[in-house]
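Submitted below is the structure of interest, expressed as structure tokens.
Chain naming follows the written order as A, B, C and D, and within any one chain the residues start at number 1.
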Amino acid sequence: MSHNTFGHLFRVTTWGESHGPALGCVIDGCPPGIRFTREDIQADLDRRRPGQSRFVTQRREPDEVKILSGVIEDGDALVTTGTPISMLIENVDQRSKDYGDIARQYRPGHADYTYDVKYGVRDFRGGGRSSARETAARVAAGALARKVVPGMVVRGALVAIGENEIDRANWDWDFVHDGENPFFTPDRSSVSVFADYLDGIRKAGSSVGAVVEIVAEGVPAGLGAPIYAKLDQDIAANLMSINAVKGVEIGEGFGAARLSGEENADEMRMGNDGRPVFLSNHAGGILGGISTGQPVVARFAVKPTSSILNPRRSIDADGREVEVLTKGRHDPCVGIRAVPVGEAMVACAIADHYLRHRGQTGR
Amino acid sequence: MSHNTFGHLFRVTTWGESHGPALGCVIDGCPPGIRFTREDIQADLDRRRPGQSRFVTQRREPDEVKILSGVIEDGDALVTTGTPISMLIENVDQRSKDYGDIARQYRPGHADYTYDVKYGVRDFRGGGRSSARETAARVAAGALARKVVPGMVVRGALVAIGENEIDRANWDWDFVHDGENPFFTPDRSSVSVFADYLDGIRKAGSSVGAVVEIVAEGVPAGLGAPIYAKLDQDIAANLMSINAVKGVEIGEGFGAARLSGEENADEMRMGNDGRPVFLSNHAGGILGGISTGQPVVARFAVKPTSSILNPRRSIDADGREVEVLTKGRHDPCVGIRAVPVGEAMVACAIADHYLRHRGQTGR
Amino acid sequence: MSHNTFGHLFRVTTWGESHGPALGCVIDGCPPGIRFTREDIQADLDRRRPGQSRFVTQRREPDEVKILSGVIEDGDALVTTGTPISMLIENVDQRSKDYGDIARQYRPGHADYTYDVKYGVRDFRGGGRSSARETAARVAAGALARKVVPGMVVRGALVAIGENEIDRANWDWDFVHDGENPFFTPDRSSVSVFADYLDGIRKAGSSVGAVVEIVAEGVPAGLGAPIYAKLDQDIAANLMSINAVKGVEIGEGFGAARLSGEENADEMRMGNDGRPVFLSNHAGGILGGISTGQPVVARFAVKPTSSILNPRRSIDADGREVEVLTKGRHDPCVGIRAVPVGEAMVACAIADHYLRHRGQTGR
Amino acid sequence: MSHNTFGHLFRVTTWGESHGPALGCVIDGCPPGIRFTREDIQADLDRRRPGQSRFVTQRREPDEVKILSGVIEDGDALVTTGTPISMLIENVDQRSKDYGDIARQYRPGHADYTYDVKYGVRDFRGGGRSSARETAARVAAGALARKVVPGMVVRGALVAIGENEIDRANWDWDFVHDGENPFFTPDRSSVSVFADYLDGIRKAGSSVGAVVEIVAEGVPAGLGAPIYAKLDQDIAANLMSINAVKGVEIGEGFGAARLSGEENADEMRMGNDGRPVFLSNHAGGILGGISTGQPVVARFAVKPTSSILNPRRSIDADGREVEVLTKGRHDPCVGIRAVPVGEAMVACAIADHYLRHRGQTGR
């Protein structure tokens, strides 16, 4: 991953800030002949879209995707031609406001200070490039990546908000996208707990972190590489590139550090269909950097957004000590909308490795 | 990171298997004029070297580095010329043995099965490319990377073995490399606990995981990029590329998911020297993907090696169900020797970003 | 250069087809703080724009550039922020027509056949991705690249059309952009010759090739690398990536093959200002892949466009033998409008190496 | 191509200087299961080896290749495992001598001055990294690349030395490697002309340039991409990366600039076997950046080496004006030994695109 491009054969470049006229992505290296519809892309964007419940930012953005290149029409469908696919999403709700002091203040926990140190110039409006809006471009790219690997299904779910964890015994993928579920939680019983908890956070003008889990099923065995270009490594890099993500783990993850070799190693038998089966999946579907054919399981930790209504001590660009509080529309738990983003980033990583594997081995 | 090369401007390519004649690395893009000695490289290699206590593999390898290109001699020192630096380490103790059944058996938790699925051919001797021996090449590269960033000090420590965690109140960097400390633990009081625990593991023919923490001090503010090519992301990718690593976190990491925005955001004041100071370091030295000037803090989880003496159910390459047990010399806790490896990977990531930042900004 | 991205630190990704809604580019890695105006970009686009004389295609495109990201406004100027800069140019004059047979016929000398063999699907409208329109995106990127290297001036000129070469004794850079000069020729005396010649070509429904020379002055010494990432090599790759280019040379180029070592080597003396001077520039400003500080000189050969009115034998996608003739608006000498494109590609290559050199050496 | 690595999926990194202990390459991304022998590699190295006639340098190097990783033995053959393949060639004949003044003098036409400007430090022995010895590593890599594309045959020939061109009517591939042919010329009648001419050059202490042509047959149609990552562009970059190369052309190359569209476009018919045939090959086997299935034809110009016995004016590192003459063993026409090097670079470019095409399209 270099600069604003990620992927090696399925390459995604994103661009755009929160308060510019638009944002978008260019997908390069997509196989030709992939059929999809604009609605396939839009559906994923809609899941990430703000303003859908009181638990996410109230910014109103239709997030309508335009597809500008790299496809031909075939009836109602679009078909990729193998040339770069440019997608664009206009920014509509860039509420004009007086940024006033905030333009020069360094909000604690935000990248304001580091931007200024690095670049010496900064688009302070809405977080600039670090805005969660940028993730719309990733989601658009991921919607196409899903089509690249035949049979692959990538799904995500919120597994913890703050101290509150789901009960895994209640895991229900169907519930994740249920209309009554504003959290992408797979555990119906967690909704009221999360809602009460987040209402408290929201009313207190505070914010809280979360943990998201992504599961990719139907990933062929053999994708990845032994030690560099490990599939888990590229998934980790892709997830860690999402705003506010501070930790990533695969399979047992940090839990593996507490296991013995006997406990952690997934035993194998021959299945009834004459194919190998694993008796467990501590590895999260990846052994030695290469997919096993089991579901690929990754989790990432999202820190609480630093945009909070409570004043915090900081400095400004002139070196003055100030108190900062961030008004405006913010997600009390930015981790919620990170679920479709995480799915997209995992889908892109796997699609890329699918093409790389095919390139190297012809399989 | 692509294939067996990592880094963008400070680029490291490694090669070699456990049981071939040698292994090594090529470092490309190193600045010219960097002075170092062969001993600088050797010292780091010696810290990673096996056979130094009963808690690591008894394979005996001198791990003597040869420097084949990219330098000129200047008195006792070597000076980089800006051309690729090739380093080579011979494999000496490749005990010849009858691999017998193991050649076709898939050891649970190992990459044997995935190698065969991916490549259709496999060097089964000693784990092939996935051997921990490969990390010697990384350590050699990292020893040079340390020289690239003026004033940077990168140190690592083992902070947990299995269920046993260190007491952070006892943290003592000096003790990490004390001759009486076979664990790179920073907590003197943990040595006997770890020793008793690992003796039990070792005698039981088992293995256990660990958590390693890396701290880089003296990292200039401004390295990295907002959302892709984030410094934390490249550190995560580099660490996740190490054998057996299944989780990575920066600063508070997964703990950040449980914090509020107020708790997690590091407040700022002006220091007595007229420079900004942070009042805490939950961010682990990186905000919005860019270094803050505070210490960069990363942790990674190492799974227990799957080479254990206790039989486990598996299959072989012919689809026969078998019981596998792995004789030979192995690390009961491969996480111990991962400490200098983690330091090297963090040093390489930061050196790369140091050059990238200088390239883009001229600073 | 990989897929549709070129450059290593100053990275340009282009997208778009001739007959889609728009085309554009994303420039990633641009230094922050570069000041420019939309007019700077537009001026270069205007030089490349079709329809400006009877010697180029009559397609009417305003080629108005929109800048969508990566900049902030500062008075009348734009200032780069260090984040990706997205530029977009709408396609306006996509004359709807009945492509009829042409949709399945392989035009000789065009990429129709190879597209179908490669991708199995093809946007046959106007040459698809291979349209000369794509070069507008390069020109936009190049206009920004020019700003990256302080003091650099990159200029191009047409030095031959078909068999007709300019007289180098008449070289006049000022004349190249003279309003009476539809050819970018630096030789005033060549205009009537070129005009008569091309009128004949045009009326015959034929086309002809050309040679373009690019000269970059003010290039600092030290850019490039000894054998890979040679500055001349990256210039060659950039120029060869332009549609219809079939040859590239640096300095004496193919002429160097006929010289002796004495003739070809540029001697050096100390200048009056105490700085080294070269007594000739056979090397074209690049020795051992690294810039000398002299003007960088490159030439490239553009083949005649294969869109001609005279019937040629070919086959169609069904394997039928057909006669093909290409109606529509075409450049009789596509090499003319390649002049600003060549400038842009050389500017991008040098800007990239300027940043790379600064990254590696700190100078 | 970045730094000292070229290729995208079939990636070659080379390292080493003329007078260090060794040089070599690491080939990453090679498909698994490729069978070859050490002799396959050695045979190509032997063709490039110095000292084989009076027309090339008298340096005596056995150039014996060692293969250190990435393969397993299978009887007499080696089989690639898909992991990086490290090859090493020791430098044997590093005649120790007193470099004296030459260490600080800038030889005209050499990269001495530009190295010093760029790096501020320089390995002046034997040209350092710019030595023709480095090309041995490319030849070794190319020997393996040839095996990657089934049925591909890549051959090269010298087509001009100084003003002397071959007669293409006499082209005989068999003669190129005839023992009586010290020039890789395909024209038996040229040998005595070239020999007399070069004897004169050699005795005069001078040197001369040459033109080399490479022809790759058996290249599948469909490799490459429309405008960036064009097959011809990557071939051009690979050839231009060879020391002393100053021009590259594909098919008609610069000659295409003088042709009309009718003359240049290759007509097509259906062949007797029901497959498309081209009636000519002006395109050099590449249309729109994508291979047509016809032979790929590239030519490159090699400048005369600047190591000549006749004194030339220059300066030294202290800014003193000096006269330089280069004693020692040199090739009077370095273009001769460039023939196998050019073959290797073309083979590597095509192998890389073969894998990339397979990755993107699955074909």
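Heads up, the rule we're going with is that contacts are C-beta pairs under 8 Å (C-beta built on N, C-alpha and C of every residue); 3 or more make two chains touch, one makes a residue touch a chain.
Computed from a predicted structure; not experimentally measured.
> If every chain is reduced to the average of its C-alpha atoms, which one ends up farthest from chain C?
Using the mean of the C-alpha atoms as each chain's centre, the farthest one from chain C is B.
> Quick one: chain A and chain D, Cα centre-to-centre, how many Å?
The mean C-alpha positions of chain A and chain D differ by 45 Å.
> Using mean CA coordinates as chain centres, what's the gap between chain A and chain C in Å?
Chain A and chain C have C-alpha centres separated by 38 Å.
> When the C-alpha atoms of chain A and chain B are each averaged to a single point, how far apart are the two points in Å?
Chain centres of chain A and chain B, defined by C-alpha means, are spaced 27 Å apart.
> Mind pulling the residue numbers of chain B that touch at least two other chains?
Only 2-5, 8, 14, 29, 32, 82-83, 118-120, 128-129, 226, 361 qualify.
> Which category does the touching pattern between chains fall into here: line, ring, star, complete, or other?
complete
> Can you list the residues on chain C that touch chain B in the complex?
8-9, 29-32, 82-83, 226, 355-356, 358-362
> Please output the residues of chain A touching chain C within their complex, sorted ascending.
Listed in rising order, the residues of chain A that touch chain C are 2-5, 11, 13-17, 20-24, 26, 28-29, 32-33, 66, 68-70, 72, 79-86, 88, 118-123, 128-129.
> Quick one: in the complex, what on chain A touches chain B?
Interface residues on the chain A side: 1-6, 8, 14, 106-111, 113-115, 117-120, 128-130, 134, 160, 162-163, 201, 206-211, 221-230, 232-234, 236-237, 240-243, 246-270, 274, 276, 279, 283-284, 286-293, 301-308, 310, 312-315, 319-321, 335, 357, 361.
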